[in-house]
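I'd like to ask you about the structure that follows.
We call the chains A, B, C and D, going by the order they appear; numbering starts again at 1 in every chain.
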Amino acid sequence: MKKKICFIISSRANYGRVKPVLLEIKKDKRLELQIILSASSILGRFGDIRKILIKDGLHFNDQAFVVIEGDTPLTMAKSTGFSIIEISTAFKNLNPDIVVVTGDRYETLATAISASYMNIVLAHIQGGEITGSIDESVRHAVTKLSHIHFAATQEAKKNILRLGEIKKYVFNTGCPSIDTLKLNKKKLKDVRDLLLGVGNKFDYNKPYILVVFHSVTTDYENSYNYAKVLAETIDKLKHQVVWLWPNIDSGSDEISRCIRQYRESKRLSNVSFFKNFSVDDYNSILRNALCTVGNSSSFIREGSYLGVPCVLLGLRQSGREIGKNVIFSDFNEEELLKKISNQIKKKRYPISYLYGQGNSAKKIKNYLAKLEPNIQKKLTF
Amino acid sequence: MKKKICFIISSRANYGRVKPVLLEIKKDKRLELQIILSASSILGRFGDIRKILIKDGLHFNDQAFVVIEGDTPLTMAKSTGFSIIEISTAFKNLNPDIVVVTGDRYETLATAISASYMNIVLAHIQGGEITGSIDESVRHAVTKLSHIHFAATQEAKKNILRLGEIKKYVFNTGCPSIDTLKLNKKKLKDVRDLLLGVGNKFDYNKPYILVVFHSVTTDYENSYNYAKVLAETIDKLKHQVVWLWPNIDSGSDEISRCIRQYRESKRLSNVSFFKNFSVDDYNSILRNALCTVGNSSSFIREGSYLGVPCVLLGLRQSGREIGKNVIFSDFNEEELLKKISNQIKKKRYPISYLYGQGNSAKKIKNYLAKLEPNIQKKLTF
Amino acid sequence: MKKKICFIISSRANYGRVKPVLLEIKKDKRLELQIILSASSILGRFGDIRKILIKDGLHFNDQAFVVIEGDTPLTMAKSTGFSIIEISTAFKNLNPDIVVVTGDRYETLATAISASYMNIVLAHIQGGEITGSIDESVRHAVTKLSHIHFAATQEAKKNILRLGEIKKYVFNTGCPSIDTLKLNKKKLKDVRDLLLGVGNKFDYNKPYILVVFHSVTTDYENSYNYAKVLAETIDKLKHQVVWLWPNIDSGSDEISRCIRQYRESKRLSNVSFFKNFSVDDYNSILRNALCTVGNSSSFIREGSYLGVPCVLLGLRQSGREIGKNVIFSDFNEEELLKKISNQIKKKRYPISYLYGQGNSAKKIKNYLAKLEPNIQKKLTF
Amino acid sequence: MKKKICFIISSRANYGRVKPVLLEIKKDKRLELQIILSASSILGRFGDIRKILIKDGLHFNDQAFVVIEGDTPLTMAKSTGFSIIEISTAFKNLNPDIVVVTGDRYETLATAISASYMNIVLAHIQGGEITGSIDESVRHAVTKLSHIHFAATQEAKKNILRLGEIKKYVFNTGCPSIDTLKLNKKKLKDVRDLLLGVGNKFDYNKPYILVVFHSVTTDYENSYNYAKVLAETIDKLKHQVVWLWPNIDSGSDEISRCIRQYRESKRLSNVSFFKNFSVDDYNSILRNALCTVGNSSSFIREGSYLGVPCVLLGLRQSGREIGKNVIFSDFNEEELLKKISNQIKKKRYPISYLYGQGNSAKKIKNYLAKLEPNIQKKLTF
């Protein structure tokens, strides 16, 4: 009987990062791939990935609607609870041998808890990293519930071991998102969705800046003000700008509200706004950007491999291991403008293997096929 | 304005352990005590504590019914999810400054998650200990979500620091359950509820053995067999026995089923069965037992202070720091019988301060009054 | 492709009543039978039917744990909500053509709502009857959500039509529980479970009285007092008594508490208490009882066909069509004693076809196979 | 002690219709007004009413986030279940004497069920009407759970009586939405929000057509196609158009998708799109429209009083009592265009009192103050 490996995909970005692993597992005769789609991955507003997934030759076994709309700390907590209820049902029906989760979002934690109480072995990708926001605590809590750890960097692996995890189940495989990057051949001019934005009409022949700005859940009350500094700055740039809507998180409504107000007063006329892109499209846009601005982890992770200059804003990623391509800025218009201008001048930084060399998927797949950890964990230092 | 300190009480045992802290906080003018009752603490089957709490001079601000009946890994996971949903509402209404949780049960984890996503400072009592069952992973996950840590032993404090928590917020206060023990003056003959059991009529003048046996969630399929070995052994004892029903956990139905079958075949006629006791009653019964048998953490924690001989069964407490009063036994009738007999001969072990000296409550209260940790945590080694 | 007919079974009593229909559907080649078990039907405390169902040659497609423990109006409401959430998932997975519900309990209403919003045709058994308790409102609300109606009596059919339902979808099929009765050949002496009760040892050779007493949800605060009058009366009877624990409802905990108190004071020594029986066992016990006392609808429904004398208590069944075998009594010890004594003298009433002649299952099955109502309903008078 | 009257407001439209009743109750010394906001009434996407409510001199006692995002029949069912869970908690905390609900949406049903199982008297506004969609069944199910009925028309009152409700608790008070209309003095030129739409810039000096189109839940698969016919037609109109986004319902995502596609291909350039208006703004826009097109019940209800010509589309309102201002059209471009053109020529129809004369609020308030129905209902014909 095949070993059943179950992935929970909770957003388009999440899908992008694990796709190479999914494809590897699908090819392996010893393994049966199970996919559960949940959270924003099946919501039109945030980039429904169901058609993309099928076009990529995969299929999903179940889907769980778990987002309690409201975009406040309260609904974020409740969505976590509701996720546990719904994901547990899916596990009951699919009966997986190993559940694999990625990252540090509330859906990750919810899945980890379902698996834990249902006595299913849990594997975690992207544990051990250090950042800001509530994601920081959640990521390490997930580590404490996981049996197998696929760290993306050497430092992350060390952190997981320091957290008392069992050495033989902790690996630095690099991040599969680098595999995704390497596989991506799409040229910018083939990213037709760049024509479907709201606002400025994107011009393929002109350079552009990429902006992604998520709220910081532990500081969500300032989301509006932070967005305002960013919008004010972006409005002053000469370049055209590609701006992605924020994740579904506490505070993201405040960011949207700010953007809407600027648009209503006819500002930000240099910006094309987008709800979501397919993984390949996003990677092309990232690869070809003059510079990135905001707080997306992709600017650090994929960005370091690509050498795209980045101006990182605020606390959300603070603490994360960064390549040379990243410089920090406060929420200060003047500082921000200057740093963007400096980064643009750098053009490209040299390639960095900090987050992997693009061969993670196969490693992860092989460990999943081979390992049989005891369901009973124990702290070991 | 007073600092609002909110306790979530989820069982009669849990209440017993934190009662001294609650009473200390109630007396402090700087603090406002909030109490939320949840899980089995408000269910008749498992020992509803509402009247006891009021008799103790306390009152509760809210109550949350969160147990999804079924007693399987699936319902345990779902109860966790449902707890998050319900506890979050209570937090919205009470708006506490600090939430305090104890131990390692699913309600503890659920509360920790609600507090985390709602940006409320979280304090944890009894973190850093090492045991078996899913409790082990859950306890450390709660540590990773907590801002303030009140460890019960020196070793537990060390473990919490090793897990990367910030030193100035980690304390060995001892366990408040030792305070409870010290305050308890109740004589066995005043424990009138010993007459209300099912089965054998308890005789106050004869020595007795105390049995508490919970299921091990990570091994819940064997619950029935383990209970059978235990029942077979207990049935052979000459002494009268006080046996408490198990916690509401995956597997506890199997244990109940086993006990019922023995009773139906007129076995276990030396046993009086009980659903629950008040904290003071339980402590008296523990203090006066010839010997304890099973896997209750009270046998280790309170038992070490009292010096009551204990035969510890199975994995649930494996790894936990134990005093000299505890010896382990396998699920083997012969071994078990022999070890019980040996322990009875020891009468009493010397007092141990392993889990505290009985002055924890005041320490914990003072730290809660004083500390103002940053809501944004960060791994630090 | 077969037409998928999905039954939701929510208790052992519910199962008993629809079993003949299930068996008929299973035999029909045009139909695919789907069974979802929910609520108390899968809870040990209330009579887990999973093994019985399999012994009966059936199997279940899904099971839903939906009971939020607490036994208060609040938890009853929440269990309804949680049922909708869980049953909806099962419908998503099973994709039935018609959903069939029975009766008037919260699980019935929850199922009806899931089906309604998911655009599934709903058939209802036992609509149109008139009783007390919240069941009364719920039953008619379910009628308004249903497309096909299988009334158990002529009067019930009339009521459904008066409620504005479409004539060609309303049938008096009689109640399938009468089919169950007719199929039952079990002799009392073969009901071995009568030996497994708590309390008095049942004697097969002596006559007995059957007591079933559920709480009235719209009057749940008096549950304890009502139970007290009943217990006081039963304690005075000379006959042995078979007493079944109440349903899982608001107020049932109060009834249990009352019974427990009587038992603790060594009263009710003529009573054997039981948690649950299989359908066949229950029907044998009902058929052979001297007299029935309480408020179970089976005393009216099956009882009228069997002619077993009944003393009906309180409001729960008030308004329901009754046969001659039923007389009412207030919660008054003297009146109750006298009426029980009078009924016993009657021995047996003549058979009544009020609730059907025992051929309902086939009729219901055929209608389910044939009918294709429009999903869009419209009030019609 | 004051009698506590609790309203559940679930959308901006719902608020608009009951506002006069809320204000009446607030003024009455015998009554305490409680308001719970839920569903889309607190979601930015659908018109958060919290600030409006406070500006109107009211305040809310609680808010419940109950929308499970997804916009499918499954999530609609689950949102109903989740609403029951959340609203029940609010009832536990507020302990109202009477709960008042309006209309026929899933939040209405959820509230009715919470109140029913929690033994709270339920009053229903807008029962007894006949329409299409699942709303039709839900409305009558709510009637069967309600104790007091405030029908909006004479025919609706008759229907409620035919459904077996008790005569002395059924009233034709007229619809409070007509009171709202009468109170509204706002001039179109003061509706500044008409400048904040997306798409065409609204011109106050030119006539306009008002479009509101909701999905039909029992036919949600055709939502996209229906929206297409409508969009195609509207695109051909010479007049400027004010188009409101649909309710949060199964199928509304499909309608949004269709609109977005038309906009992306630069069609519908005569249309200004809006997410929501305050009640007063909406009423001004309705009052001044050349003609209304779509399936909003406001076109019938408020529209008949105002005499605004309406072309009604599809089944959602089919069966509803209509004034002379309404004509029906199929989803056929040619027919639709012609009927719009004919209606525009009519200018205004005479005032109709079909849905009330604008004095409902006081009547409803007085009945709520006076009536004390028995919580135990019983079918009566």
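The rule is short, and it goes like this: contacts are C-beta pairs under 8 Å (C-beta built on N, C-alpha and C of every residue); 3 or more make two chains touch, one makes a residue touch a chain.
Fair warning: this is a prediction, and the values are worked out from it, not measured in the lab.
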item: Comparison of A-B and B-D (more C-beta pairs in contact); value: A-B
item: Chain whose Cα centroid lies at the greatest distance from that of chain B; value: D
item: Cα-centroid distance, chain A relative to chain B, in whole angstrom; value: 39
item: Between chain B and chain D, centroid-to-centroid distance (C-alpha), Å; value: 52
item: Two or more partner chains touched - positions in chain B; value: 74, 78, 82, 85, 89
item: Chain contact graph, described as a line, ring, star, complete graph or other shape; value: complete
item: Interface residues, chain A side, partner chain D - complex; value: 42-45, 65-72, 74-75, 78, 82, 196, 253, 256-257, 264
item: Touching residues (chain side chain A, partner chain B) in the complex; value: 73-74, 76-78, 80-85, 88-89, 91-92, 106, 109-110, 113-114, 116-119, 130, 132-134, 136-138, 140-145, 159, 162-164, 217-220, 250, 315, 319, 375-379, 381
item: Chain B-facing residues of chain D, complex; value: 85-86, 89, 93
